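One chain, chain A, links the two complexes that follow: it is found with chain B in the first and with chain C in the second.
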Partner chain A sequence: MLGDATNWDEDAYRESLYKEREVQTRTVFRTAWAPSLSGCPESIVVASSDGSIASYSIASCISKLHSGYGNTKSLLAAEPHCFLQGHDGPAYDVKFFDAGDNTLLLSCGDDGHIRGWRWNECTDIEVPIYLQGSHIEPVMDLMNLQYKGPWGALSPIPENNAIATNTQSGSIFSAAGDSCAYCWDLESGKIKMVFKGHSDYLHCIVARNTVNQIITGSEDGTARIWDCKTGKCIQLIDPAKDNKKQKGNFSCVRCIALDASESWLACADGRSFSVWNLPASDFISRTLTRSSMQDMVFCDNQILGVGAEPLLTRFDIHGSILSEIQCAPQSAFSVAVHPSGVAAVGGYGGLVDVISQFGSHLCTFFCQYR
Partner chain B sequence: MEEFRKAILQTAPPENFALQTVQDVIKPQKLTKLAQDENQLLENILRRLLQELVSSAAQSAEPIMQYGMSIDDNETAQGHIPRLLDIVLYLCEKEHVEGGMIFQLLEDLTEMSTLRNCKDIFGYIESKQDILGKQELFARGKLVMLRTCNQLLRRLSKASDVVFCGRILMFLAHFFPLSERSAVNIKGVFNTSNETKYEKEPPDGFSIDFNFYKTFWSLQEYFCNPASLTLASTKWQKFTSSLAVVLNTFDAQPLSDEEGDANMLEEESATFSIKYLTSSKLMGLELKDPSFRRHVLVQCLILFDYLKAPGKNEKDVPSETMREEIKSCEERVKKLLEVTPPRGKEFLQKIEHILERENNWVWWKRDGCPPFEKQPIEKKTTHDATKKRRPRWRLGNKELSQLWKWADQNPNALTDPQRVRTPAISEYWKPLAEDMDESAGIEAEYHHKSNRVYCWKGLRFSARQDLEGFSRFTDHGIEGVVPLELLPPDVRSKYQAKPNERSKRAKKEETKGAVRQAEENQMATPASENDGEGTRSDPDGPSVAMDADTTVAAGSVSQGGTPTPEENKQSSDTDIGQEAGQLEADAEVEPGMIDGEIDAEVDLDTAG
Partner chain C sequence: MDEEIEEGMLIEDETEPPPQESETGKISPYEMLRESKSSVEEIVTKMLSIKKHGEPKTQLRELVTQMFLHFVTLRQANRSILLEEDRVKAETERAKAPVDFTTLQLNNLMYEKSHYVKAIKACKDFKSKYPDIELVSEDEFFRDAPEDIKNSIRSKDSAHNLMLQRLDYELFQRKELCKRRDELEQHKKSLLEVIANRKKFLSSLPSHLKSLKKASLPVQNQLGMLQTKKLKQHQLAELLPPPLYVIYSQFLAQKEAFGENIELEIVGSVKDAQAFARHQANKDAGASTNVESSKLEDDAPDEDDDGQRRRKRPKKIPAKVNIEHAGIYQVHPLKIILHIYDNETCEPKSMKLLSLKFECLSKLNIICVGIEGSHEGPENNILCNLFPDDTGLELPHQSAKLVVRETLSFSDKRTSRPYKWAQHLAGIDFLPELPPLVSAQESASGETVRSDIVSGLSMYRQQNRIQTVVQRLRSRKKAQLALVEQLDSLEKLKWPVLTCDNVPWASHKPSCSLQGWSLVGYATSQESSLNIMEKEKVRDPLDVDMLGKSGISREDIDGAREDGELPALVSSTSILDNAQPTPLRTPNLEHSKQLTLISKSITPQTNYSRMLSFSKHDEDYELMLDVDSDQDEPMQTELAADDVASIPSNDITRKTWMDYGSKEYCLVMTRNTDSPAKNLKLQAKIKISMEYPLRPPFFTLNLYTINSEENRDESDDSDWYNELRAMEAEVNLHILNMLPLDQENYILSHQICCLEMLFNYCINEASRSSERKKSSFVIDVGLCKPVSGSIHARSFRGRDRRKMISWKDIECAPGYPC
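Let's turn to the complex of A and B:
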């Protein structure tokens, strides 16, 4: 039998190798805390590189962690509570569109789609987990436009790298790969506004809803503040301006974060991040980091940042490090903070590390499903 | 009793009338000191008087220590009860009455009084502390005093009467010597009932990391009973892993100076709590509280300190790996303390200092709580004089020490030409040789051969210097040993034997000797052995022959009797016999045998 190559299925073998590699390199690109009534972190939604959107219940993770493995360091392979095969190719962002009872779970991905699911349909499912995936139809499916070239040639569909929402106006903002940001109307599913100006694809987008603005960060190394009414760029933030002149190195704006009052902006480019005060349009501080920041979030008056190292770093507004907490993913792509102070760090290896407000590890799990 | 009642009313100092009053009442046998039953009688009277005073004070609703204080008098006037106490104290101090009486009265008084009055009474006690603490009084009353204070402490509320409690404790601390061990936890027993309770079930929802909460508070269990850690290694592992989690968390959330300052202000106004608040809702706040953090870290240090201290028995000593772990943990904890504001470094220094002192107390306890107080050496001068006259001898007494030091003090004694040495036999035997000259006509009594000590010594010398001459002893007795050249020619021929003849005879003698020795051995083996050893070892011993005399004397004494020439003869005989026997055995009798001694034994067996 051994060495008999008559039935050798080259394709199947190749497939299995790809699969294996994919599983190993699976990456969590975004985590988001599901809204909960009790104010406690109940479940977390994870968008990962296989295009899946899955929600995990923290309580069951903790209970499994302690009944099954005790306090050992072995990772928990968590079973999702709800599993959606959201996108072809990686899913890059996931957001909740909070509309009272009708909360939508929005996701975007490499396939240029923005899809929306009813969150209560996701939570109230009775379908066994192994049958889940495409069991719920998205209530909304928006797709980026393709460009028409000469002779009707179509460009590839530009991917969506990030989304932001404005609940009041019912808009979704997307940061797309064609260096434009789009404003979608949720009701009609039409593009309301196109924000053109960046010279390279967009990494991130945040909505500053109090003043009806959005802020985008792009591969071209700048961040721009746009007015949503006019679609004009109000301000160009070039955090790497000095850097570029001196060293000639070019770095993208990887992530931007806005605090709750929407007056402070943190903006990471390459191996540094800068803090701006928006009302005063004032540059506050610039901090060099050991690794490049890949996600940041404001937590009260502090900034939580993760990057290409297994650390969750807490900065104050001036950029000095308050604490560094070891976390599981070797490179973290996402940090999400629940109002209670619990933070979730997701990243390389399909790992999600949930860190309590005390800085202790609440649970660490591994999205191994499928 | 009436007399005392009157006496209290006197305003004069007690030394003027107190003794007089006692004498009047009791009419004692001795004038100044009461006998036991008289003491008892007096004590009963006084206690009754005190009781009446207190009850009348209570009826008049006055503070009892002020009862009877005359209002119109000057301000120094005292109440009746302090007056009574003063008198008794005076009597006790002067040893007119038994010293415990005042303590007895004070105990009665505190027991009869309300707490408010007790405060006054205690004030009185404090004011008389110097007198009460005098050696004679203290010895009589310390137990009563301790009981009184403890009773008082028991009656007081720990929460609301802290100042009074503190006063009592301070008094006890001053009153008792520092090394008083009655309050010491001699065995180092831990108060395991001091349990820190915490929530076992997570609250609804899990807004906090409940596992961490449990891990955190479970540490208290170990802090409460550190001894449990040394017993089971699983517990230790659990402890270290839990501690690591907690320290990681502390590490992850360094506290800023502002938080420390904010807390300082808070702390000054806040009331001090002796137990942790363990509500899960407080966990987040507590973790941000520098003083809370300090408490926990200091607990760690105390625990490590306990674990590091060598145990009472060998088993308690922590293992090597455990010690390493303790060390690394301790360093981590110290680092954390250092960075915990406000003024972490200074705080750590203080804590280290305190722990060091604590260690000293542990050692003190381990040494059996030796007293610290050194009684003043009053008779210093007289003692010194006698002490100086009696220096300490290193080896028991002066003689031995001098002997011991003799060699050190006389380094060239060996090379001294004048030193005493073993005399040459040619010199030594001269007197005997002269005596042997018949022409001299020495009477037997004065003949040197009848001088046992002289002969014994001579034989010893000959055995070492002139073996041939010594061997003639068997044939000719002591006179044969004398070197021939010393003898006058006529006598000489008598002892001279032809060599070949001699050797033959020697052979014969030897076989005979062996047999005889065997017989002898059968009869008294140990004795002969002793003898042999004695003779053999002695000549080797004092090569510095200055004390040859003494050793010889000692040797003869140790042999358990006066060595007659006969005995000498025998012992030396056996010696020779044995030696010769060895040679013989090798030569002819039993060629297979190697060891002479075994030989002799075999001989012996066969002969037996």
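Let's turn to the complex of A and C:
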């Protein structure tokens, strides 16, 4: 409650103002749908710039949204079901490592850690929400190495910008800030393979498990396909190559997406994205976008993309726009599609917008917790 | 027959007592009777037997004579018995008379005896009067009584004599006392006379003193002792309505107890105030007539003796009319003026910061505050939002809202407004809502009321309301002065100069040029309490704006959209509005015009009635005005569409009070880069709210590239979006935590300097990275093994390609690694 002349606490008021602003500047870096038995979208896991990983129940968000219409808050301040203070810096990615009953929730962040929690421990939580944070110990904690420079100076810990998984071989692939991708063994917690070759830090990584390959996108403007057995780069995709005519526009590969059959690849660089057919190694199309794409995902034969504008754009495989849906975050960093077709867009402002398969907004909430 | 009778008689005779004189020589008549009877019986038996045997009747003759003889003796015996009886009777009669006489004598004697006994008892029961008389004790009597009483002998019985003596003594004493009482009465009467004389003298004294006081006034003014003025103020204070009195007394107490650097003054005429109070009392008593009130006014003691008041007297009549007809805005004739001085300067005469005028709208029972002598618009009114959510546009409490009902406008014309903090200062929260005289009359219920007030006042003091408000006012005024200073310097397009040197941007030398600084507008409530009609109009320009910035015309987008979701979204709101019945539109427009002026309090009421009739279509309206509704929710999809459409507008409504009185400025800084030759323009929209510096200015950044040859601005927003947001976060939030508290009033300057430094840094980095690209330096990141033998420190990091900024020695904000 705000103060008045009868009980004025200036510091508390200032604190609340700053807190409000902090919430506004928070960014959701990744949203992931939790595996559900019913096949309906039940809960969503959100990794945000304050290093927190929190799961929200869609059903309760929707119900609160409806009952809370007369409220003064225009946006729903959602309370998470489970809250983990996962990382010291921003948390960049969350993934579910599906291993039967023993599903793991993996996250990586700016502090160079990859941590894993047992998902059923998170769902069966009994602790009240205000006590949560570090109440569940991660079952797994992998950390990137620091480099020693001249005279033994330690470099900053490289961050992990994205992770990918291979459940069959039990490995986790991470796109690290030291321009290398790593393959971690889940059992031993050791690095199995280092993929070295990019000249700037990695933004994104996807695993192509059918042929045991990974694909990485980097700040240096290229994407590479690697063979996991040998650790060698099989193919260098340089979207900017054909585009040299563009006047000196430096761009990086900020996101890549692979379809379910693992044969189509979408790769965004700067203000355009290109589609490749992997089996044929063919360049299919190139599409210019108004803003730089920050996350893409395949949904059936279509590509959903979000960028630095408040729109969720649906492209077909040739890159023509099928639809644009207004979404809440002004700059979206993440789009996640549930098998049922429900999409979640997360981005600047700590906002998560859940959009149904028909394009209507199921609920929009911001992660206010802490 | 005969025989039978005889027989019966005989039987009777036999039962008679036997003769007692049987032993005596003479045969008793009874025996004679018995003998004759038996002989008769014998003869009868003989006669019977003769008759039976049939013997000759001669014998019978003999027998009959015998029998007659016997009968004669029988009769003789009978007569002698009767005679005897008579004799006994007469004897008894003779004996009875003496017996009767003695009985009578006995009774007489008994009666006499009881009479004497009664008389004795009555004598014994007789009570004397003397036990009721309180007498002095015997010892005392012997000690004190005069000799002649002691020696007098009235009776032979010594005890009785003593008693008589004591009674005499008592009588003597009482007579003495009566005499004394008479004397004292006399004395009292004479004293009363003296007192009356002296009173007469006293009543004539005030007029003397008054003339003396009048004579002393010039001397007082000369010597600077404003005793009279102070007295007058106190006298005026007594006429203040309770809320103003609380303000006055509490401020005075604060000033005297803590040496607060403030001055208080009550202005207004005593006459008017008295008339007002009387009028109020009369009206409540239900007997208010013009004649009476004017008479009362004449009765008012003539205590106004300085010329100023006298000059005001002709105004009296209109003032009275005001009282009658001013309606709900009726202002109490007395007002308090509060001067607040700077408390930090050590000079004896410190600078005056503010003068506030408190007035009381007695009908509404609210306190209004304005800045004395200022007629600036509400946007410049620095009293608003002194505390959160206090624009002063709405009435502070419910009862007032009920009284007003419709036509309230604390419009821009009024310079004094009912801020909530003013009500808190006046203690309206615990004062009873009654005019002063009435509450004074009701002494019965007055006790509880008084105790309420006492506890309320102690709470008031505990909460330090006066101190809090004065502190806030001072800091607000100082901040505003500092702000004006900063704005002036920016107006002249000079970079602000910072006096604090332990923040990195203070020592930074600006290399951008400050190209523009302009006031964009006021974000007043007029704009924010949008009506529905304008909502979409506002939205659309926004859209155009956004698209325009990204350099793609609207037509292109529409083409690309086909029949996708977004157009449907935008049109859905307009469809909703169009679907509203047309009669709604016109009243709506009028209403909304009013609504912008009228306080929010009224909105729900007017809106509610409409809501009942057009509940479905008013869905949007409802959202905007934040009315609680229990209406059925429409279909989910429709809702979802509404939801997004209403997000921005709803947001605005929610923040109305925060925006109230805030100003928006536009700052433009440009920077030329050599490679590639570009002219970058950073535009910052700065919203400075009334709560500055508590709520720091809010920056919204846009970046443009100016192509020198085409001279056309091109938005670079989407490329730079994340960098701009990071800069915003840094300027709006993170650097605030690093600022020392004494620099608070100069937050704006700090923010601008910091922004310039960040902008500079960003551009340098950008040009460096593009350079790098061009010259095809292959460099590795971090300190990992170089691919081509050169070491380069990273400048970007993370998925949002954040610049790695670290402030030396200062802890970073969470989420931003150092």
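Before moving on, here are some points about what is shown:
We take it that the second predicted complex is superposed on the first by the 339 of 370 C-alpha atoms of A that agree within 3 Å, B and C clash if a C-alpha of one lies under 4 Å from a C-alpha of the other, contacts with A are read in each partner's own complex, and residues count from 1 in each chain.
Please note the rule applied: contacts are C-beta pairs under 8 Å (C-beta built on N, C-alpha and C of every residue); 3 or more make two chains touch, one makes a residue touch a chain.
Nothing here was measured: the structure is a model prediction, and the numbers come from that model.
Of the two partner chains placed around the shared chain by superposition, chain C is the only one that A:Y348 touches, whereas chain B remains out of contact. More residues of chain A lie in contact with C than with the other chain of the pair chain B and chain C.
Of the two partner chains placed around the shared chain by superposition, chain C is the only one that A:S49 touches, whereas chain B remains out of contact. Contacts of A:S272 after superposition on the shared chain: neither chain B nor chain C is touched. In the superposition on chain A, A:G359 contacts both chain B and chain C. In the superposition on chain A, contact is made by A:S323 with both chain B and chain C. Residue contacts after overlaying the shared chain place A:E22 against chain C, while chain B stays out of touching range. After overlaying the two complexes on the shared chain, residue contacts for A:A59 are found with chain B alone; chain C is out of touch. Of the two partner chains placed around the shared chain by superposition, neither chain B nor chain C is touched by A:T31. Annotation: chain A residues 66, 71, 322-326, 356, 358-360, 362 touch chain B in one complex and chain C in the other. Of all residues in chain C, those touching chain A in their complex are 387-390, 420-421, 424-425, 429, 463, 465, 468-469, 472, 546, 550, 552, 557, 560-562, 564-566, 568-569, 623, 626-629, 633, 636-637, 639-641, 643-644, 646-647, 650-651, 654, 676, 694-696, 698, 717-719, 721-722, 725, 728-729, 732-733, 736-737, 769-770, 773-774, 778-784, 787, 791, 794, 796-801, 813-817. The residues of chain A lying in touch with chain C in their complex are 2-8, 10, 13-14, 17-18, 21-22, 25-27, 29, 49-51, 65-66, 69-75, 88-90, 92, 110-111, 147-149, 153, 155-156, 158-159, 161-162, 177-180, 199-201, 203, 219, 247-248, 250, 252, 254, 270-271, 290-292, 294, 307-309, 311, 314, 321-328, 330-331, 333, 348, 356, 358-362, 364. Across the complex, chain B is touched by residues 38-42, 58-59, 62, 66, 71, 322-326, 340-342, 356-360, 362 of chain A. Taken in their complex, chain B has these residues touching chain A: 204-212, 215, 241, 245, 248-249, 251-254, 256, 283-284, 287.
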